[in-house]
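Look at the two complexes coming up: chain A is in both, with chain B in one and chain C in the other.
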Partner chain A sequence: MIKTLTTTVPAALIALGLAAAAHADIKIGASISATGPAAFLGDPEAKTLEMLVKELNAKGGINGEKVELVLYDDGGDANKARTFATRLIEDDEVNAIIGGTTTGASMSILAVAEDAEIPFISLAGAIDIIQPVKPYTFKTPHTDRMACQKIFEDMKKQGIAKVGLISGTDGFGASMHAQCKDVVGEYGIEIVADETYDPKDADMTAQLTKIKNAAGIQAVLNPGFGQGPSIVTRNYKQLAIDLPLYQSHGVASDGFIELAGKDAAEGVRLPGTALLVADLLADGDAQKSVVAAYKAAYEAKYKMPVSTFGGYAHDGFALMVEAITKAGSSEPEAIRDALEGITGLAGTTGVYAMSAEDHLGLDLSAFRMLEIKDGGWTIVE
Partner chain B sequence: MRLSSKHLTLIIMAALIVAAPFFFPSGYYFRVGALIFVNALAVTGIVILTGYAGQISLGHAGFAGIGGYACALAPVHWGLPPALAVVLGAAVSAALAYLVGRPILRLKGYYLGVASLGFGILVAMVLNNERELTKGPDGIEVADLGLRGLLKDWGLNLSNGEFWYAFTGLCLVIGAWIALNLFNSPSGRALRALHGSEIAAGTVGIDVARVKLQAFVISAVYASVAGSLTALQNKFVTPDIAGFMHSVEMVTMAVLGGVGSVPGAILGAGILTLLPQVLTVFAEYEQLILGLVMMLVMIFLREGLVPSILRKIRGRGE
Partner chain C sequence: MSEFLQFLFSGLTVGAVYALVALGFTIIYNASGVVNFAQGEFVMLGGMITVFAHAAGLPLPLAALAAIAATAAVGVALNKLAIEPARGAPVVSLIIITIGASIFIRGAAQLIFDKQIHSFPAFSGDDPIHVLGATILTQSLWAIGGAFAVFVGLWLFFTRTILGRAVLATSNNRLAAQLVGINTDFVMTLSFALSAAIGAFAGVLITPITMTSYDVGLGLALKGFAGAMLGGMGNPKGAFAGGLLLGLFEAMTAGYLSSQYKEAAAFVVILAVLFFMPQGLFGSKSTDRV
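Let's turn to the complex of A and B:
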């Protein structure tokens, strides 16, 4: 006890002196799954945040204050994410939090953030994070429900009325599968086959054969991410199924084309973000300059292609910076209010328009329907 | 009157739990403390199974999963208060441990390790795939225990972190007390006898299969209650709680601290819970450092930290 007193008292005095002398930094906390099963999502997110904070501080910070990033790796574990959220708020005393790569991690962090009234921007997909609206929780990735809607919209345009689903049983695949089944009726489309596969399966021909033989089937949709969709795409070609194949936004990356093979991936359609087709965007596109700048900076620094997921972190950080700038204060309450008032902010995922009822601020136009042609992407509109 | 080592252990434990908060610089440390206590409770169950009875389970996370999801599901589906859901989870875990253990524990050797491994993976699969019930891999929300609100009405206003620190600390002391009592009871002596030699234990009239089964069921209840406490504290639970890595983590904690000793279990849980928090700067090397620590302990302190250190101290005293 005496020992802590002798150390804390001078420390407290020094801290007081410093506070009076200089501006305190703005502290932004992040708990991200940079390792573990969700590392392919979290790693680009962590890299993006580190890069952007450095860039921002080099330009002088926000309103003359430097930004300090406190980054923890929760490994995709919800229990750890909760601990780190507690640590960020109670120990590091951050002004706001970005993170929660997986839905489980985000749900854990938001509980702590809401309790402590600290603004939190989630990087996970599920709609449950922002619905019902919680005062301090926002998110940047579009929901899987929107991906389903975008796909069904395109199918309807093509005159497709009967589809087969083949879904992964992982969190992403299962959640999107449920959402797609939920909205499919609104588009007058009927699901005539509904198969699943384990994300670790090495062959999906059995499921695809069953789907192929479903009566009246006109197209196939594959909600899933990781390697599963590549295998589905390859098996699809091997079985010579002559129906349009739709993939989800979960595989919207060049890695997917590589893994599935140029031949097999030919003609596959999926909803993706502007980031994937940065070079193809029209000159007048609101997102063009943002997307191009992020892509150039990231690829120059890390020597690897940008991913949609890093883009989520980019947008989360951009929203946070915009909110703090506008609020002219780094008080959590002020940041929250400013976040809710953001409209017309172009990010890599879409153009955000937040409101008291909508803490995501994206609509279907955020997605572009893409088609793979000759091993590259084209925009179908 | 001379205090027995059992009472001494319990008193030191309780004193540490009460004294530690005076040194906490922020509320975050209450959270870390609570995590340590919950892990230590689960590991105490491993001590009974592995340390006392010499059996290995690689599926104890399955029981933690059952305990955790009981607290998530029972209040919603059957309107059970969360406190009773903990009891329900423990009862289901005990029943399943009995069913799995009864045929397996008649056999000698490490069959329990294999059977429990399969059991743990099955539980994780059910939690992941039965989306209608468990909401799948994204996890499910858990109702509030309600005790903190009750204490508030009685004039004891604790923060969330403080409450869970105190509550899990109390649960750990009770768990350790039961385990230490068992050690000195006839059942405990029977367990230790069969750990030494199953044949010798059989010849002196110990029903080897029954005693092993008892140990397995008791340790399953420990894991289940620890799982419930994790879920209630986080108000959220994901199928990770039943994952294979969680099972391995429990065994590792027990082995590190000293698998035959309750204080060892607590120390092991403490070290392995703290390590990732201390090593956040080296997050990428965390596994490496963990592996190194385990190897060094296995080479130089084969019985685990606490028993080895105690032996050294006693050896010098005599």
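Let's turn to the complex of A and C:
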């Protein structure tokens, strides 16, 4: 009796172990700021990942293997993000990580992921995440530098040579402000007024009055996100400033038009992604089907409009799935190599073409210059 | 001239927001000496509940009333559940309790409502009023008028009514107040209900200007607190004047100096005032008898 126990138990255990190994899921880890100050970015990201994983498994997973999502909420805290990244790699033994809603969180995750040699796709904006190129770190959102370039390119086309800046002092506004100042010279445009506001300010007419009176000013650019740009847009109308107003991709959402008011937002231009104007894309557009499918699925499931930020998570996941499928393996090293080799993958943000030197894989064409007309979006050609 | 007027209007708009928040601090402070750091959350609740009640189909005035009533109930709950059980604890502990309450309310609002930014239409339309080349939104006038009305109401309450005096007496000496027959528990509950209602009223008035989301409370409370300190904590006149002055400093600095320095300049002025007049502009000297 005892003998049979000692032989059968280990045998059963081994059998169980083998069975488990055969069904081993592909584990994708995620640390996202679903709550906290960056919640309105992280919340749609987390929802998107959960939805996509479910969809993928219903279709049979990747190469016959199911995908398991291990999702943590770092609350926008970079220290927590580091802890969760460590836990994902050491305890959950994930094959790859998606996440890092804020730049701070992404920087902590990438340090851990690079050490452990686990591929990581960041969902945060800053260019520092992928420049200089780190072997295991990729990202999906375009950078604020690209947004500045897109805006200045459009201004140049309009013959605008002197602009005023009114920037939020939050991280997003300050970073984009710095990037815009850095690239503005390449377009022969001069900044003739440079004002700031606190993201919680109630009124920006003082700053705008000053900008309005700057000599030779031809347009105003407002890098910022949250409610600040909506208030700027309203105050702009209040002061009846008769110059083109450019907003950033930070407020590229229907919510912005609603908050600023249809009348005040009329004529505002901003760089946005294809996701925002899914219905307006030309039939031959490479992104059209991807964007339409994601928008329909998300809005049906969560009963709320899609956001650019959820789109970043969608693209991160799509890149990961593509890489694992192509690699035919879920080994971190193989995923990394496959990620670097992805070209022509249409996501919601743009068409990705990764390379050894470029771990973002997007160019300025990922942005569409949009103009608000009659409370809706139009694409400016 | 039109430039100066525009800076003035900007300052008055921002100042009215600060003054409304600052006025909310007055009653609880007068009743207990506690600076209620959940005051900003009351303002947030006023705005958010109105937004959601309005979206659910209630007409705006009714939604606003519902928001004020619901927030007053939250104020009462805060007193009954968190402040009253800690009776006898030093004021500093009570202040820390209010900080905890503010974090709790913020978290709850995030779950119950959502994480988006909201607004509702201004009461009298979006067309600005033009005065000598400068413009001001009608909602700013609502906010300034509302702040003034609350200020007058509070001033009458504290100087002309028995209940108001009972509040002051409770703050001065709780035991003595009880001995002369004041129901101090009721006074505390009332002061939380009133403070919360004033906060919610502020939220209703300023949301069309500032917009609202679950996390606006902290920023508003800090500015309102600074305004109240500048004017003299606990004095309705001080809260009203302090809030408006703070807004004006900010707008004038942004207009004539640079918007980069506006916060710093405002706080330098506050520090200077408090250095020479530690009780604030309108605060009375408090003397403790030993």
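Assume the second predicted complex is superposed on the first by the 361 of 381 C-alpha atoms of A that agree within 3 Å, B and C clash if a C-alpha of one lies under 4 Å from a C-alpha of the other, contacts with A are read in each partner's own complex, and residues count from 1 in each chain.
The criterion applied here is as follows: a residue touches a chain if its C-beta (ideal position, glycine included) is under 8 Å from a C-beta of that chain, and two chains touch if they have at least 3 such contacts.
Every value quoted in this text rests on a predicted model; they were computed, and no experiment measured them.
Trainee: Following superposition onto chain A, is the placement of chain B relative to chain C best described as a clash or a fit?
Mentor: Superposition check on chain A shows chain B and chain C fit without a clash.
Trainee: Which partner does A:108 reach: the first (chain B), the second (chain C), both, or neither?
Mentor: First partner only.
Trainee: With the two complexes superposed on chain A, say which partner A:158 touches: chain B (first), chain C (second), both, or neither.
Mentor: After superposing on A, A:158 lies clear of both chain B and chain C.
Trainee: Quick one: classify A:200 as touching chain B (first), chain C (second), both or neither.
Mentor: Only chain C; A:200 stays clear of chain B.
Trainee: Could you tell me if A:35 is touching chain B, chain C, both of them or neither one (first, second, both, neither)?
Mentor: A:35: touches chain B and chain C.
Trainee: Answer with first, second, both or neither: which of chain B and chain C does A:259 touch in the superposed model?
Mentor: second
Trainee: Quick one: classify A:355 as touching chain B (first), chain C (second), both or neither.
Mentor: neither
Trainee: Check the superposed model and tell me the shortest C-alpha distance between chain B and chain C, rounded to whole Å.
Mentor: In the combined three-chain model, chain B comes within 6 Å of chain C at the C-alpha level.
Trainee: Just which bits of chain A does chain B share with chain C as contact spots?
Mentor: Dual-contact residues (chain A): 35.
Trainee: Looking at the complex, which residues from chain C come into contact with chain A?
Mentor: For this pair, the touching residues of chain C are 3, 6-7, 9-11, 13-14, 17, 110, 115-119, 126, 128, 135, 137, 140, 206, 209-211, 213, 215-216, 219-220, 223, 251-252, 254-255, 258-260, 262-263.
Trainee: Show me the residue ranges of chain A that touch chain C in the complex, using the header's touch definition.
Mentor: That would be residues 35, 37, 39-40, 43, 195-198, 200-207, 209-210, 213, 226-227, 230-231, 234, 237-240, 255, 258-259, 261, 263-264 of chain A.
Trainee: Inside the complex, what are the residues of chain B that reach chain A?
Mentor: Residues 22-23, 25-29, 31-32, 35, 128-129, 131, 136-139, 141, 160-161, 230, 234-238, 240-241, 276-277, 280, 283-284 of chain B touch chain A in their complex.
Trainee: Which residues of chain A touch chain B in their complex?
Mentor: Within the complex, chain A touches chain B at residues 1, 4, 8, 34-35, 72-73, 76-80, 82-83, 86-87, 89-91, 102-104, 107-108, 111, 115, 126, 128, 169-171, 174-175, 178.
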